[in-house]
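Here come two complexes built around chain A, the first alongside chain B, the second alongside chain C.
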Partner chain A sequence: MQSSSTNNKNSKAQQARRRFLQKLGLLGAAADSYTLLELQAKTTASAASGDKRWGLLIDTSKCASGCDACVRGCNTEHGIDASDSDLTRAQWIRKIDLKDKLTGKESSLPVMCQHCDSAPCVDVCPTGASFKRADGVVLVNKHTCIGCRYCMMACPYKARSFIHENLTEQKPSAPRGKGTVESCTLCVHRIDSEQDMQPACAVACTDEAHSAIVFGDLNDPDSNISRQLQSAGGSQIRSDLQLNTGVRYHGL
Partner chain B sequence: MSNPTTYFQPVRTWSGNYLIWMFALVLLVLAGGYCAYHMEHEGHHITGMNNSVVWGLPHVFAISLILAASGALNGATLSSVFGNKLYTPYARLSVVLSVCLLVGGLIVLVLDLGRPDRLAVAMTTYNFRSIFSWNIFLYTGFIAIGVIYLATMLERSLQRFNRPVGALALLWRIVLTSGTGSIFGFLVGRSALDSAILAPLFIALSLVMGSAALALVIPWVSRWQHSSVSLHHAPPTRQSMMKLLLWCVLAVLYFSAVHHVTNLYIAEHRQDEHNVLQGAFAGVFWLGHIAIIATGLVFLQTLRHSGELSSTAWHLLCAVLLIACAMILYTVIIGSQSTPQLLFPDKIITASSFGDAGVPAYRPTSWEWGFGMGGIALSLLLLGLVLRVLPISPTSQS
Partner chain C sequence: MCPERAFGLWAILWLLLASGLGHASDEGPIIPPASFGDQCVADTEIMRKQHMSLLNHQRDETVIEGVRGNPFSLVGCVNCHAQKDDNGQAIRIDAEGQFCESCHAYAAVKIDCFSCHAALPEEGFGNTHEVIGLNTPVIAPLAAADPAKHFSHQQRQVLQSHRVAAGPHNQLRGNAALKNIISTHTTEHQRPVNSDTR
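Now for the complex of A and B:
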C-alpha cells in the first residue's frame, strides 16, 4: 500500500517535472525565436556597407512638367499629408520647373535630399542626429533630433522639413514626429529589406512610363546607374559647393 | 575694490516699487510661458515660422539677450580689468545682469526647440564639428565664470582673484560672441550669411546692447534702493559710457558696411544683398541703421559740447540703441532667410510647391512676441530676485 502510494507520488512528481521541462522547452524555443528575430533585425540594420553608395540619377529630358507622380509616390509611402499649407507641410521631394536664362529651354525635375558625401546638415547638427550611413544615405535619428532646425539653415538644397503640426496615420516603416526635422531617406526601409527594391519615387516614375529616376549603387561600375552616368554624364545641383552629392541630374 | 563712498546691500522688499515690478514681471513670465507651452502643444504652425524661414522672432529675442549678456559685462571688465573706478559701483550689477540676460536668452532658445523635452540629449550628446555644440559649453562656461567672478567681488578673501577672473571672463565673452556670430557665419547654402565678418559684427553689437542694457538697469535698481549713487556718479559715468557706446556704434556700422558692401561686389551674393537692401525687410534694415547712426551723432555732439544729457534723453537713447541693434539682428537672422536659396544660378524657376521662386513670407505672431517678451521678463525677474538676496546694489554711505 505504502509502496503503491510512493509510486503514485513518484509518478506525479515525474509528470510535474515533465510538464515543467516542456514549459521550459517552449520558453526556450520562444526565447530562441526572439533572439533569431532580433539577430535578423540587427543583420538588416547593419547592412549599410561602405562598399555601396546608393544614389539617384534623374534624367530631366524624361521628366514631364506637370507630372508629380514621384511626389505622390513618396507621400503615400511615408504617410505624408499633402493637404496642409505649402509653407509648413513636409516636402521630402518637390517638383521644380525651370527655364534657362540664356536659351529659354524649359525643364522639370524633382529635388530631394541630395545625400551629400560632405553633408552640411551632418556637420552642423549639435547632437549628431543628422548622420550619414556608410552607404551614403543621409538620415535623421528621430530619437536624438531636438528640433533646432540648424540643419535646415545649413542645407543648400532646402531639402529638409520641420514638422509643424501633430501627425496622424503614420506608417510603421516611416516613423515621424512633431517638432523634429525630416527629409528623403532614399526609402531605406525598402532598399534594406530586399535586393533590387527601389525607392517609391523611382517606382512611381516608372509606373507613369517616364522612367526618369534611376536608383542604384554608384560604387558598382556594372550597375544601371553607373553605366548611364558613364555614357551620358550627370551633373550636381550647386556643384560649386563640392559636396559630392549622391543625386545626379542628366540634361540639367 | 569698491569705491570708499559706496557700499552694497540687498534691495529691501518694500523699497521703491520693487514688489510691483516683481509682480508685473511674474505676470509677463507666466504669459511667455503660456505662449511657449501653446507653441509646443500645438506645434510651430501657430507661429510665423515655416520651412523657408525656420528661425524667427524668438531667435531674435534669444540672440539679442545672449549678445546683451556678453556686452553687459563691460561694467565689470572696465572696473576690474582696466581699473576704471567709475564703473566699480556697478561691477557687481554688471555681472549679475550679464548672467541673468544669458539665462533668459538660453531659456527662449531651448523652449523654441521642436523638442525642448530633449534638452538632456542636447546636454549629453555632442557633435564637435557643430559650432552649436561648442556654444553649449561656451554658454554654460560663461555662467560658471560669471558666478566665480561675482564671488571674487562679494567675498573679501577671494578679491585677489578678481582681476585674473575678470580677464578670463573678458576673453570668454569674446569667444562666446564670436561663436554666436559663427552660428550664422558659415552657412554655405545661404549667401546672405556666408561671411566670417558676422563674428566681429556680433561682438560690436553685443558691446552696444550690453552697455545700453546696463545703462537702463542702473536707474531702475537705484529707484528700488532709494540710492543716490547713480545720481552722484551719473555725469562722469554717463560721459564715459557715452564714449564707449560711440566707439561700439562706430564698430557696428563699420562691420555692417563691410559685410553689405562686399556682398554687393561678390556676384553670387548680389541678388541676396539687393533683397536685404530693397526687399521685404529693407524697412527694418534701414530704420535700424538710421536709428543707430542718429544716436551716435547725438552722442558725438553731446561729447563735443556740454558732455551732458538729461537722464530722460540718455535712457531714451539707450533704449533706441537696444531696439536698433535688435532690428539689425532681425535683418541678419530673418532677412537672410527671406531670400530664395540659389539652387540653379543659370535658370529661372517658373514653378515650385516649396516657394523656391519667390521671397518667403514671414510675419511673427503674437505667440512669438509673447514668448520673446517673456524671456526678457524672466531675465529681469531673475535679476530682481538676486538683488533681493545678495549685496549687489550700490548705495551711498550714510
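Now for the complex of A and C:
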C-alpha cells in the first residue's frame, strides 16, 4: 500500500509531466499512457549533407569599427571567458581594423575560422581530429585532439586557440576543455538542431542593427547568401592561397 | 560521565557504524535514482552494460556526421540523471556518490568526459519539467524510436545483440514491466528503495 504522502508526490509528478507533455503538444485526450515512450526525437536525426555548404558573407561596409557584438555573442554562446588573461584566452572571433595606406580607406571586420575547402589545418593534423564535415564546416574533434597545435601553426588566419587551463562551468551545448584546440564551429550545435537557426555572431550582429553577417548555404543558388554573393560579390582573405574559403567578405 | 569519555564512546560507536556501512557498500554501488523520466533511453539492463559503447557511437555520429537528437546524448544523461541538493541546486553528476561516479568508483573506472562536458543539467531543465534545452533529445527510448532512423549501425548491433527488438510490443511496456526491472535492479545493487521516484 502506498502512503498518502507518496500518492501526493506521485500525482504532483504526474501533473508536472502532463504539463511537460502538453507543452510539447504531445498529450492527447487519452493521457494515461506511459509518458516519454510516445515522444519522438525533437529533431530528426539526419546527418550533415554534402549537398550543402555552409558559409558566411560579411559586409565590411556595414561592420562598425569599435563594435564587438559578434565577439560577445560568440563568447556567450560558447561560454568563453573574455576576462581571462590575454595571453591564454580563447578567441574564436577577432575584430580587425584595416587602413589602406594609399587611399586612407578604413574598414573593420571580424575574422574567424574561414572554413576552407582545402584546409591546411586538416592536412597537417596527425590524428585526423581536425576535419571538414560533409557540409564544409571545419571542426576539431576534441575527443581525438591530442593538443599538438600543428593546426594552429598551419592556419593562415590564426583562427585557432589552445586551452591551457582547466575550465569550469562549460555550457551543455559547448563542451570545452584543457589540452585541446578549438575554433569557430559555425555554431554547428545550433544549425544542426533547427532549421533557419543562425550562428550566434550573425544573430548578435543583427540585434545590433548592423546585419553585417549573413549565414547560409553557398550551394543553394536561391539562398540569401548566394544571391548576395551573386549580386555584390565576395572576396577571400589571402585569396592567393586558393583555399576556397567558406567565409567571404564584401567591401574590402 | 565526563564529556571526553562520552565523546570517546560516540567515536567508537561511529567507527563501528561506519565500518558496517563500508561493508554494506561492498555488496554493490549505491546508485542515485534518475531525477527525471520514468525509464531510460534504452532498457536499463542494456544501459548498465552498454552505455559506454552507445555513448561512443553517438559521440562520433554527432561530432563527425552532425547527427543530432539521437537518444544517447551525453547532455541527455546529465539532464535526467543529475541530482538536486536540499536547496534544489543541481549537483555535478560526476561528484562523489553521484550517478556517473557511483558505479565507476566501485568498478575503478575513470572518465574524463566532464572535464569538457557540462556536469550540470541544461538551464531550466527539470525545474519545471517544461523547459527543454536545445540539445536535449526528447525521446523516445528504444520502443518509439524508429531503429532505422534513430540508431547508427553499430548501435543497432549493440541493441540486437541483446535481443531487445525495437518493436511495438515494447511500447506496451507499462508499470508491471518497469517494476520488474526495478526489483531485479535493487537486489543487484542494493539501491535504497525510494518509492517516490517510481
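Going forward, the second predicted complex is superposed on the first by the 206 of 252 C-alpha atoms of A that agree within 3 Å, B and C clash if a C-alpha of one lies under 4 Å from a C-alpha of the other, contacts with A are read in each partner's own complex, and residues count from 1 in each chain.
Operating definition for what follows: a contact is a pair of C-beta atoms (placed from the backbone, for glycine too) under 8 Å apart; a residue touches a chain by one contact, two chains touch by 3 or more.
These numbers come from a predicted model, not from an experiment.
Visitor: By the touch definition at the top of the document, which applies to A:Val124: first (chain B), second (chain C), both, or neither?
Guide: Only chain B is touched by A:Val124; chain C is not.
Visitor: Contacts for A:Arg238 in the overlay, against chain B (first) and chain C (second): which applies, first, second, both or neither?
Guide: A:Arg238: touches chain B, not chain C.
Visitor: Check whether A:Ala134 is in contact with chain B, with chain C, with both or with neither, and answer first, second, both or neither.
Guide: So A:Ala134 only meets chain C here.
Visitor: Check the residue A:Pro175 against both partner chains and state whether it touches chain B (first), chain C (second), both, or neither.
Guide: Only chain C; A:Pro175 stays clear of chain B.
Visitor: Could you say whether A:Gly251 touches chain B, chain C, both of them, or neither, answering first, second, both or neither?
Guide: It touches nothing on chain B or chain C.
Visitor: Scan A:Val188 for contacts with chain B and chain C and give back first, second, both or neither.
Guide: second
Visitor: Kindly list the residues of chain A that each of chain B and chain C touches, one partner per complex.
Guide: Dual-contact residues (chain A): 166, 177-178, 180.
Visitor: Quick check: in the complex, which residue numbers of chain A touch chain C?
Guide: So the residues of chain A touching chain C come out as 2, 6, 9-10, 13, 16-17, 19-20, 23-24, 34-48, 131, 133-135, 137, 139, 141-143, 166-167, 169-173, 175-178, 180, 188-190, 192-194.
Visitor: Given the complex with chain A, which residues does chain C contribute to the contact?
Guide: Against chain A, the touching part of chain C is residues 37-39, 59-61, 63-71, 75, 78, 115-118, 120-122, 128-130, 132-141, 143-145, 149-150, 171, 173-175, 195-196.
Visitor: Would you mind writing out the residues of chain A in touch with chain B in their complex?
Guide: So the residues of chain A in touch with chain B come to 65, 71, 84-91, 94-102, 106-107, 111, 120, 122-128, 144-150, 152-158, 160-166, 177-181, 237-238, 241, 252.
Visitor: Applying the document's contact rule, which stretches of chain B touch chain A when the two form their complex?
Guide: 40, 42-45, 49-52, 54-55, 113-116, 118-119, 121-122, 125-127, 129-133, 136, 183, 187-190, 337, 341-344, 346-356, 360-361
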